[in-house]
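We call the chains A, B, C, D and E, going by the order they appear; numbering starts again at 1 in every chain.
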Amino acid sequence: MSGNMTTLIRDGLWHNNVVFAQMLALCPTMAVTTSGTNGLGMGLATTAVLVVANVLVSLLRRVVSPQVRIPVFIVLIASLVTIVDMALNAWLHELYKVLGLFIALIVVNCAILGRAESFASRHPVGHAFIDGLAMGIGFTGALTLIGLIREFLGSGTLFAQASQLLGPAFAFLEMRIPGYAGALLMILPPGAFAALGFLLAGKQRLDARRAAQPDKAAVLA
Amino acid sequence: MRLDTLKEYTFYPPLLLGCTALLASAALSWVAGATRDAIAAAEARDLRESLTQVLPAGLADNDLLADRVQIDVGATAPLTVYRARHAGKPAAAVFRVEGKGYAGPIVLLMAVDQDGQVLGVRVLKHSETPGLGDKIEIGKTDWITAFNGKSLNTGRWAVRKDGGEFDQFAGATITPRAVVQAVKGGLEIFARHQDAMLGQPQDSATMGTARAHKEGKAS
Amino acid sequence: MKPAYDAAQPLAAPHAHAGHGVRQTMMRVQLALLPATLFGFWLYGWPAFFLWLITLAACLVFEFISLRLMGRAQIGRTLGDGSALLTGWLLALTLPPWAPWWVGVVGACIAIVVGKQVFGGLGHNVFNPAMVARVALLIAFPLPLTTWVAPLPLGSAAAPGFVEGLQITLGQLALPDAMSSATLLGHAKTELSRGLDLAQAFAGSTAPQPSWVGLRAGSLGESAAPLLLAGGLFLLATGVIRWQTPVGVLAGLAVPAAIAHALAPGHYLDAGTHLFAGALMLCAFFIATDYVTAPATGSGQLLFGLGVGLLTWVIRSLGGYPEGVAFAILLMNALTPIIDHYAKPRILGRTRSGRPIDPAPAGKET
Amino acid sequence: MLAAVLSLTLLGALLGLALGIASRLLHVETPAIQAELEAILPGTNCGQCGYPGCAGAAAAIAAGTAPPTCCPPGGKAVALALADKLGLGLDPASMADAGPRLAVIAEDLCIGCCRCSKSCPTDAILGAPKQIHNVLKEACTGCAACVEHCPTEAVAMQPVPVTLPHWVMPKPLAA
Amino acid sequence: MGLMEKCFTRAWGVHPETHKRPAADVPTRTLPVPERLYVSLSQHLGAPARPAVLVGQKVRKGDKIADPQGAVSAALHAPTSGTIVAIGEIPAPHPSGLPVLAITLASDGKDEWTDLEGCADPFALAPAEISQRVAAAGVVGLGGATFPAAVKLSLSAKAKVRTLIINGGECEPYLSCDDRLMRDAAAACVDGIRIMLHATGASTALVGIEDDKPEAIAAMREAARPYAEVCIRPVPARYPMGSEKQLILTLTGQEVPADGRPGDVGVVVHNIGTARAVHAAIRHGEPLVARLVTVNGACIEAPGNILVPIGALVEDVLAFAGGLAAPPARLIMGGPMMGLALPHARVPVVKGTSGILALAAAEVGARATEPCIRCARCVRACPIGLLPLDMARRIAAGDLSGAVRIGLKDCIACGACAYVCPAHIPLVQYFAHAKGELAAQERARLRAEATKKLAQARTARLAREAQEKAELAARRKAERAAATSATASDTGAPA
């Protein structure tokens, strides 16, 4: 049992990142990351579901019997997602218009069931909460990063419509590269694969380099 | 442990799953009730916004959503028309038309005033080639505003290449051609069903030629 | 008395070699491309030459960078094998001749990095790198990739000079609207979509035949179909390629085209126009015959060629894009492993299913 | 709304019942992979792997605590068979195989004590008391069990020399 | 073969430059017997021969010096007269440079034959008798595979073959020893063929000779004219035409089943050199003690065909051929396509040595390996219909069973694929490695099984011994008890 919170956080953010290490939840990753804002929104919504699902599953872990374990988790997650869906539609309608189609997909986001199965159902509530949060933030970060890259190369903007998601105070994030129309391919599905592929290669290279210099890594850590 | 012995019984799984389902559905129904009004309001706001986009500001003072009719124009499905009124008098009709684009249908929303002049056209949905055909979107270029003020009598309804007055885009002729044809078609429908589409002044809103009924939900 | 070798391993047979190498093969293909390319330079002037040069140079640069990043040894030798050069050449032949420089550079990057080195370099790529780049460019930058110019042969009055040509390639000189023109296939597609039939579309000055010899807008690789055909025949004669793939492509396109044209001449182009228009000749002899991405056996190559031809016709006639060669190649590239699996040669002494054959009684066989 | 809640609850209960019954009816004992692994191992219980006998090694391999390459006398062949049974990929060329080894008895040191022949798991050592012992090359598995039993250090393990019929062409160096 | 079949039959093989002339046109020379001869005990397919002489023993040329061992093996004879000076290890003529057991013979310079017993009318002998005499003469297949000829003769008599195919193809470049033999000794060859026909019971002999040897074809036609059962059949010059399966296919149109032998289609194949050796063994009683060897290559001063006593060192042969003009890039025993690269020249000539080639670098054409571009030239060259590029890829990735699935075991290692590969990939080395590795794995598997049996036998023995001990103890106890009770009763009876 890894009781170390730092390890949990580091795993979620980097070493065991949902997208870059576990390669889970690729459907939403590919589908919504046409802009940094979309990625951020989807990531935050998923994080919310992930944290609550982890906590609920962890609470129920002693009660649940193995035969109906997965159905119970699925019912919990599906209900949570539906609640998030309705809440967004009612109170964050602009964001809902952007993410609407994908919110429902969080139900089948394998990362959530995966965390419930492999972590939350075996660990106490506190750990499950931290794990859900770390995994969610890692996922949000990955989605935002892919979204930003695609948005930058594909349409020449950064954080377009961020103010709709985060409120007018965040309008300063929105940027546009003058004179660049963008390579549309990056906005289309192949662009998502290309961006993910190059980011994965980059991560592997960083990890390999760090593994090659254990002393330096220790100092940095 | 007592719980572990409990888990061995056959009634345990159905009890557990049943309880979970009960709690989950109860929570869902509560949230659904809490958000119902907010969602309906937000959706109505959406539709209203898109309708007012094609209407000049201040033209309509009525609730467009509340004043709509279904008109049979000879197509497979009846056409939904939203009526804009100013001080109770018919001012304009807002309705959808469809054009056959390069890569599929182009859905347009257009507003026509009582003289048969185009007040505004916006693209609601299309799947044209990004970077080429998508210049019909107002967010990309203002090409679509070229229709403003045109009527069947005043315009040469074709793209420049075919001898008309509307520009085509470099590399794409089919898309603007389709939009021009669709808008022209919309004007022709309006010319044929003008009375029904504009409707009578509000006080004598008895529909003679058209069937009109309110629907529970906007599509 | 000891032979003059000091090998790291025992030397295995054979101790003789037919004597050709990868480099010679690539050089021969480039030689076969040369006449069509030169004709294209003459037809479209300096901008076409500059774009060609930039694309080739960019391919070499990206190959070098990729090999360096991957820590490969003997980069110089790999660069010299001519494969990156050939990829760049083929890509340049499919681009609009007056496209700006960055189209060539981005295309080279996609071709070499995404299309080839990511898969592991020469011999490991699944898709033809030049066609990957062509399709990616078309989808990413539809406008510059569909802006064609009518031929302005070098020496004619309107042709841009050296400096003007450089400015056009560097994107500093906007294309005059009057010069832009549609390719034959593009013209046919546009007119058909207007509801005109082909007889009207090709009435008078727009007859399809002149485009067969390059008197219409198009890329370098589609303006000189007869020269490409000649280059292809040269490759056939020298044994660089075999007949299965080109014959498959030509037949796969010509047969459905001829049938459809016979049934509805107003809606489907005739087989001759299909064969000589667009990049078909380039595809049949130079791209579909790419060793790495095509099947290994003769029957497999024939099947592959037929698939490419048929898909090209389907995309041209029924699809959204006027030209479908690149898409057809990529689709069939994806099928190559399956074709290879099923189109294996029969092993001597075994049936097709791999069981040993029953020995036929001698003397009874005729 | 009440109907929806009730129907979902009922559905959950019914499905839960079905699952509970199914898990009882369809209960399957997991097959004993350990026995299958033990059948592949040489069965000499030589102990070179560091586990108590081949059964112990099989248990460790099945539990994943020992690699399929842990049996030195088995060499590549056994490692490949074990990996195959476990569904693991194994590149035979990548395995460091010191090659087969044989026990050799130094004649000038052997005192004929018979301890080595008693310890041999395959009866590969011949020799009567007070006589110089000899190793049967065909039967020796190279397990080295005899080495530690020899009081005079007369038994040594030597690699089996490569002979012409046993020579293997090396794999070409990667390009 | 129908028309359809003809149109869709794959073209196979390659056309390497032959380099056979001028060596083929130079008259045959004879190597004077060197001072020492090294007769390897493993110069045939099968188990090595067992020495039948002792060190110090005097022998005459043709005396048997080693007996065959096992079913597939061949006898060895003294290649000249002299004294046996050693029986020990010498470097084998093999790329590995590993040692091999050999009998070393010091020549006495007299080259004196032992008493030979010929046979005037071989056709009066029973076929089995001919096989015995061929076996006694130590004749093996001289094409390179060195399968004991007598074993093949008796096997084909049992298999009731109808056609004897004589392989005069000699498709390997550079080699011309068979060509030379047919030109010089056509009559002896044809006589050998007729004796083999008699021994196998076959009705016709087809002699396949590649059509780039017109002189040999003419000489053989002339010699075979009186005998209707011996047909000379020119075949197209194409490598590997001399491979057994290819020659059978070309001459008879029949395919040998993949796991079968030529006997399954009523055919047996012998080399033309074997026919000549059979002639000598039967007519004159001469055992196989010398053979014709082609010495060729750009580094040889005077290329040609030389009659070399078995056991002469390659060094001696090269010196006799005028020495080396330049240090060779490769020294090869056999042909360039399938021959063995020799680590040095101090290795003996064996019965299977058809050629000794000293090739210059330009002839070898070796270059650094490049990545496979899937040009599929190897697929077209493969005479068997395999996918060499795919097999090599799998072997390189360690997937040996995958390579076997797509036909590795059908590979005849002819080298045509590697010969044409523009990327210079050592395909044959991949296949040789994989075959060796698979054989080693199989040996290890058999050994593991044997080990298991031995371990079980020991466990059984221990159990039996323990039981016997227990029984013995029980019996002793019973006896003792009986004795005690007897004493007790004895003592108690009077009471």
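Everything that follows uses one rule, which is that a contact is a pair of C-beta atoms (placed from the backbone, for glycine too) under 8 Å apart; a residue touches a chain by one contact, two chains touch by 3 or more.
The shown structure was predicted, so the numbers you read here are calculated from the model rather than taken from an experiment.
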Chain labels contacting chain A and also chain B: C, D
Least hop count linking chain B to chain E through chains in contact: 2
Maximum inter-chain contact count - chain pair: C-E
Furthest chain, CA centroid comparison against chain C: D
Identity of the chain that, by mean CA position, is farthest from chain B: E
Most centrally placed chain - per-chain CA mean versus overall CA mean: C
Intercentroid distance (Cα basis), chain D paired with chain A, Å: 44
Centre-to-centre distance between chain C and chain A (centres being mean Cα positions), rounded to whole Å: 41
Centre-to-centre distance between chain D and chain B (centres being mean Cα positions), rounded to whole Å: 73
Junction residues of chain C - those touching two or more other chains: 9-10, 12, 141-142
Residues of chain B whose C-beta touches two or more other chains: 12-13, 16-17, 20-21, 24-25, 32, 130-131
Per-residue overlap in chain A, given as positions that touch at least 2 other chains: 67-68, 71, 75, 184, 188
Pairs of chains, among all present, that meet the touch criterion: A-B, A-C, A-D, B-C, B-D, C-D, C-E, D-E
In the complex, chain A residues that touch chain B: 62-65, 67-68, 71-72, 75-76, 78-79, 82-83, 86-87, 89-91, 93, 96-97, 181, 184, 187-188
Chain E to chain D touching residues, read off their complex: 42, 92, 94, 96, 98, 100, 368-371, 395-398, 400, 425-426, 429-430, 432-433, 436-437, 439-441, 443-445, 447-448, 450-452, 454-458, 461
Touching residues (chain side chain C, partner chain A) in the complex: 106, 114, 118, 136, 139-142
Chain A partner contacts - residues on chain D that touch it in the complex: 12, 15-16, 19-20, 22-23
Parts of chain A lying in touch with chain D, wherever the complex brings them together: 66-68, 71, 75
